[in-house]
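Here chain A shows up in two complexes: once beside chain B, once beside chain C.
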Partner chain A sequence: MTAQSTLTPQRDGAPEPSGGSVRPRRAHRGQARTAALYLTPAGIVLVSVMAYPLYQLVQLSLYEYGQAQASGGAPLEFLGLGNYTQLLGDPRFWMVLLNTCGFAAVCVAGSLAVGITLAVLASRVRQLPRALLFLAALGAWATPAVAGSTVWLFLFDQDFGLVNEVLTGIGLTGMEGFSWTYDRFVAFALVAGEVIWCSFPFVMVTMYAGIKAIPEEMVEAASLDGASTWRTARSVLLPMLRPLLVIATIQSIIWDFKIFTQIYVMTDGGGVAGQNLVLNVYAYQEAFAGSNYGLGSAIGVVMTALLLLITVIYLRVQRGTGENA
Partner chain B sequence: MTTATRTAPTTGRRRKQLFRRPGRTLAEITTVLVAAVVAFPLYWMLLTAFKPRGQIQSTDPRPWTLSPTLENFRRVFTVNDFGRYFLNSLLVAGVVVVVSLVVSFLAAVALTRFRFRGRTVLLVMILTAQMVPVEALTIPLFFLMRSVGEVAPWFGLNHLGSLVLVHLAFSLPFAIWMLRGFVAAVPAELEEAATLDGASRFRFTWQVLFPLVAPGLVAMSVLSFIHAWNDFLFAKTFIISATENQTLPLAVLVFFKPTGNDWGAIMAGSTLMTIPVLVFFVLVQRHLVSGIAGAVKE
Partner chain C sequence: MRFWKTAAVVVAGALLAGCGPPQVDQGASGEDKSTGTLRVWLFDEANRDPKEEVVNAAVREFEGEHEDVTVDVRYIAVDTRSERFTGAFNDPSSAPDVAEFGNTDLASYVAAGGLAELDTMLGNWPAAQDLSESVLETARTDGKTYGVPWFTGVRALYYRTDVFEELDLDPPRTLGEIAEKARRVRAARPDMYGIATGGKYTYAMMPFIWAHGGELARGEGATWESAVDEPAARAGIEAYTELLEPDVCPPEQCAQLTGTESVQAFAGGKAAMTIGGDFNRAAVDAGAAGDHYDVVPLPGTEPGEIAPAFAGGNLLGVLRSSDRSSLAKEFIRVLAGKKYQRDMYEAMGYLPTFEDVQNQVSSEDPTVRPFVETLQAGTRFVPATPAWSEIDAQEILPTMVQRIVTEGELGPATAEAARRMNDTFRE
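Take a look at the complex of A and B:
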């Protein structure tokens, strides 16, 4: 199997261009049948475990659906947009929404900044330091979210954490016994640190591959023409890296907007009095701790809609600047 | 703008190279330092897992230990049945990888090597499916699994089958999208040659195409494995009362206690949870990087 995979396809392919591009009609129908057969397993899974639940999510959000309804003890009560008006009228929802957007923005910006900087750095050093960096980054990337969260929590532990000890050691005596999860913003910063730590490697690896794919002569030609490093980066490298950058950004937005594990584990389910709730944790708590499945579903719908909106806007803006440049 | 301000480009370049030397050394030192910082949490986790209790619950933590011990690991395996949870996690992730490998490969072949009506629509749907925040589906999926459990208990709530189902579904869109690029890269002439040699389409698919897209399959498998292995939300939601069917992420959290966290056990558990993924990742990193870059360039 591995031996075959190293074969160069070109060598094996018979030189017969345009041979099979025009096929008789019957072959076409046969193709459609085989294709349908090949697509069936994926289709069944995706429709039943993704499309149908998505439909159900919207459906549930329109009903009063609590403990009584879930156990079949009470009839369903159609609320229409009732759950949504309740949600939009709740100051807590707006706080959670603000939390989510701010937190995601910091995480996305952080992972992009760190990832791109390190990709550029990695492209300028010899193999050994680069291999070390990649190994460390792969380690952070591979660490399960729960494991990463627990380690960061321990490093920043109030009593036994290394960070507080080091900070106290260098003279910041105020840091002795400092709780990193008590204040709202400090707690968010701590979680953001963990999230950036485990998500910048994706950006780094992607951007590094992109930088490597740029022919060296191009950069050389630019510098021969007298372009400064900054000018080369902006006018030569950036346009070539733009498609990858778009993908890395969208991927990061999608990931960071729906963070659950890190917030749940590190702030113990949403922080002191729910100060660190984000939409995902909020929906979970409403549904499974508060038995408000209908309201929880409405939060889920809002989150899905927002995520799609952000992605579309981002793509629009990107395409716009791409045309102007 | 590009006027010849530099009269002697060759000397300019030589000077630049001369200056680049110390610059590169600085860059390399920075790189190694950054690598150390990035790797540090992992080192700290490993170290704590092997530290005796007295050195962990200490207000004066040291970045080394002279008396490594296995007592944390022993506690993890005896107090909490970690061996079982480890196997549970392995089972879920393993089944997800094998099934999604076959299913997404078939779908990718259908979407790239065949022409039929509605193909573009399907492609767009798969692309959109990747954007669906699956975490938002927790609530309907909870009720879906509850009803499934009435018909097929193995795939219902409190059973590992429910986790397999959801992770399979969540890994498919990206896997199909990723493999599509790899399948498309195999030239059509190859298929014609195989057909001329008398190979059926089935044989071509499994004996020629499948091995040729191996790098994509490896990258895809790693990503779906990690996805299923790391999951916390669905394990927490679906496995409510059957503690024997828990997976690793939940088992670790047992050692967080209001009376004081057992950091030694938490770190030992986290280490056990991290090592398989880490080994897997490092072993296939070459394939992974090229695989992701290949998919991303699409």
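Take a look at the complex of A and C:
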């Protein structure tokens, strides 16, 4: 039935005698209507689960809205952009934003690099090592974030951790009692390691599927034409993998920008003197732990806007290079 | 297309500006039923059985005195109390009639409009005259009382008798001596912290500020002003951060320690001293240091003085949405009364809030004496304003201590902490 309805506009359009300009237009319209019909169910679900919360988020961010206001102990006060000016005027916010962007960039680059490398490796090795590789990767992927972070913390514990023990054992005596969470950059590096460890499997599996989907004839033809391995990778494989790569990158950006658990658990809520705060943990601390929902919502809106912006810019750049290639 | 865009913008704008975010009407129904189910929320504990037995005895007594009344006691987790109380305030139909809560949460619960005033009830209750004044002060905000102190807790100085004996040391007599003796212990026993205390252990830092004559904040009602940047407070903060140095308690290990973790380090035998509460005794007894420790009141700046301690403790209060408020108040008179406070002390070790009961228990049990001495020397409390919960949640004071410890400079950190506290007070 559904198949029929897609075909209808074309059939109707076919015998139309009068000129070329009407026909595609009507067909186009009919198609748009059909497309809209197909998209309706998804649209309804999206609107109900996304639009209302977003609306509430934006609305809350315009009010002085804490626990006292929510439970009726104090009157509502409309602030307009007050929460935003307060937020943007706070030097801590900019420090945290910088932390977040830098940290997310490292995590995205790291998980893409590790994921792609291992995907290439997996497509080249035999079945048993490949199975082992996948098993390890899926294990990391399946580990809940809190459990993963805690295990990493155990491994890197300054007194009883395996890592310090091994490092001391191979002669690096300076590592005895070394604290991995005290120095700002060491702590960030440790958390980034954990984040990459639990997010590379997604990239790896996606890219592996992409590599496997490339017909062998293409690669063969390229090599018959005398292309080097590097040339094949750059001009044949990469363009074919691009759509998957874009998806993997956008997903990684969104995930890593929104990191909460790893930072919260591993640096004990933002590190010594808040030096390891990222936006999500900052929002939680500023707003939800202190029941200041208005300011929290403002941080949420800013984060959403930033993520949209980054994604759009990335897509634009991708489209640009795609056309040039 | 254009029309739809304009329409969408207009509708969204109207929605955002027109109707505000949801608000609950907290007003009670005005009813005051004398039968039915009285709902009570108490905190869950790591070892709840003894507490539950005392509570059950009080419930049986209360149910025996009141016909057609059943008491439904629920135990809620301390960690998620904020969500539970928020939920209760936002949905009065699921709220309890009586609840236990920490005294530092009082001001924000009152500001949320969730608690009923109890001044009249306390006035009509003869036993209330024996309540310790400084503990009762923690149940007040803006001059009104919203809770009945159920038990209290103060911190004192724990030290290792065996280590002190071995190094021929006496327990410290002043705050300054704590750092000095801690250094000597660590010099002789590098595997131990001189004293285990941490950057996140705010309640251990407060007595240092108060003993030096400083304040956390000054004010009344809506006009609070941070005082941590004043010279007296800074002297106290400096004395405290002196304990977080490599030759006492190295910052790599101690900058992130909380109160519980500090006590754990002492209980595990890793520290020669710590600042711990009467409620920590069971944990220390069970640890490696269990047989070799003693407790003295945390000294002040001069020998013979006791540093003012933070008066922690829990209160019992009546929810404003309750439609059985008279019953609720009567139940509190039973559960927070002298008899069951004594039973609670025996079951859980919680310090009573009635001074005569305090004297009774300390004359019978010498181990509780340093805590009762500390209590009766006068305790202090955090600023009684709802902003305090926010200051606490934003970790402003721990961040200050950690900055001083890592940067080695006092001024910028206390100035920033004062600025952030004032921002929160003025919101």
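Here is the rule we go by: the second predicted complex is superposed on the first by the 274 of 325 C-alpha atoms of A that agree within 3 Å, B and C clash if a C-alpha of one lies under 4 Å from a C-alpha of the other, contacts with A are read in each partner's own complex, and residues count from 1 in each chain.
Throughout what follows, a contact is a pair of C-beta atoms (placed from the backbone, for glycine too) under 8 Å apart; a residue touches a chain by one contact, two chains touch by 3 or more.
Treat the numbers as computed from the prediction; the structure is a model and nothing was measured.
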item: First, second, both or neither for A:G73, with chain B first and chain C second; value: second
item: Partner chain(s) touched by A:A283 [first = chain B, second = chain C, both, neither]; value: first
item: Partner chain in contact with A:A273 - chain B first, chain C second, else both or neither; value: second
item: Contacts of A:T181 with chain B and chain C, given as first, second, both or neither; value: second
item: Touching partner for A:L60 - first (chain B), second (chain C), both, neither; value: both
item: Partner with the higher number of touched chain A residues, chain C or chain B; value: B
item: Partner chain(s) touched by A:A142 [first = chain B, second = chain C, both, neither]; value: first
item: Chain B versus chain C as contact partner of A:S291, first or second or both or neither; value: second
item: Where chain A meets both chain C and chain B, residue numbers; value: 56, 60, 70
item: Interfacial residue positions of chain A with respect to chain B in the complex; value: 1-2, 4-5, 7, 9-10, 12-17, 19-20, 28, 31-32, 34-36, 38-39, 41-42, 45-46, 48-50, 52-54, 56-57, 60, 70, 118, 121-122, 124-126, 129-130, 132-148, 150-152, 154-155, 157, 159-162, 165, 197, 202, 205-206, 209-210, 213, 224-227, 243-244, 247, 254, 257-258, 260-261, 264-265, 280, 283-284, 287-288, 293, 296-297, 300-301, 303-304, 307-308, 311
item: Touching residues (chain side chain A, partner chain C) in the complex; value: 55-56, 58-60, 62-65, 67-74, 76, 78, 158, 177, 179, 181-182, 268-270, 272-274, 285-286, 289-292
item: Complex contacts: residues of chain C adjacent to chain A; value: 12, 15-17, 20-27, 82, 86, 89-90, 108, 110-114, 199, 251-253, 255-256, 386, 389-390, 392-395, 399, 402-403, 405-406, 424, 427
item: Partner chain A, residues of chain B touching it in the complex; value: 2-6, 9, 24, 27-28, 30-32, 34-36, 38-39, 41-42, 44-45, 48, 56-61, 63, 102-104, 106-107, 109-111, 114-117, 119, 122, 129-144, 165-166, 168-170, 172-173, 176, 186-193, 195-196, 201, 208, 211-212, 214-215, 226, 229-230, 232-233, 237, 248-249, 252-253, 261, 263, 266-267, 270-271, 273-274, 277-278, 280-282, 285, 289-290, 292-293, 296-297
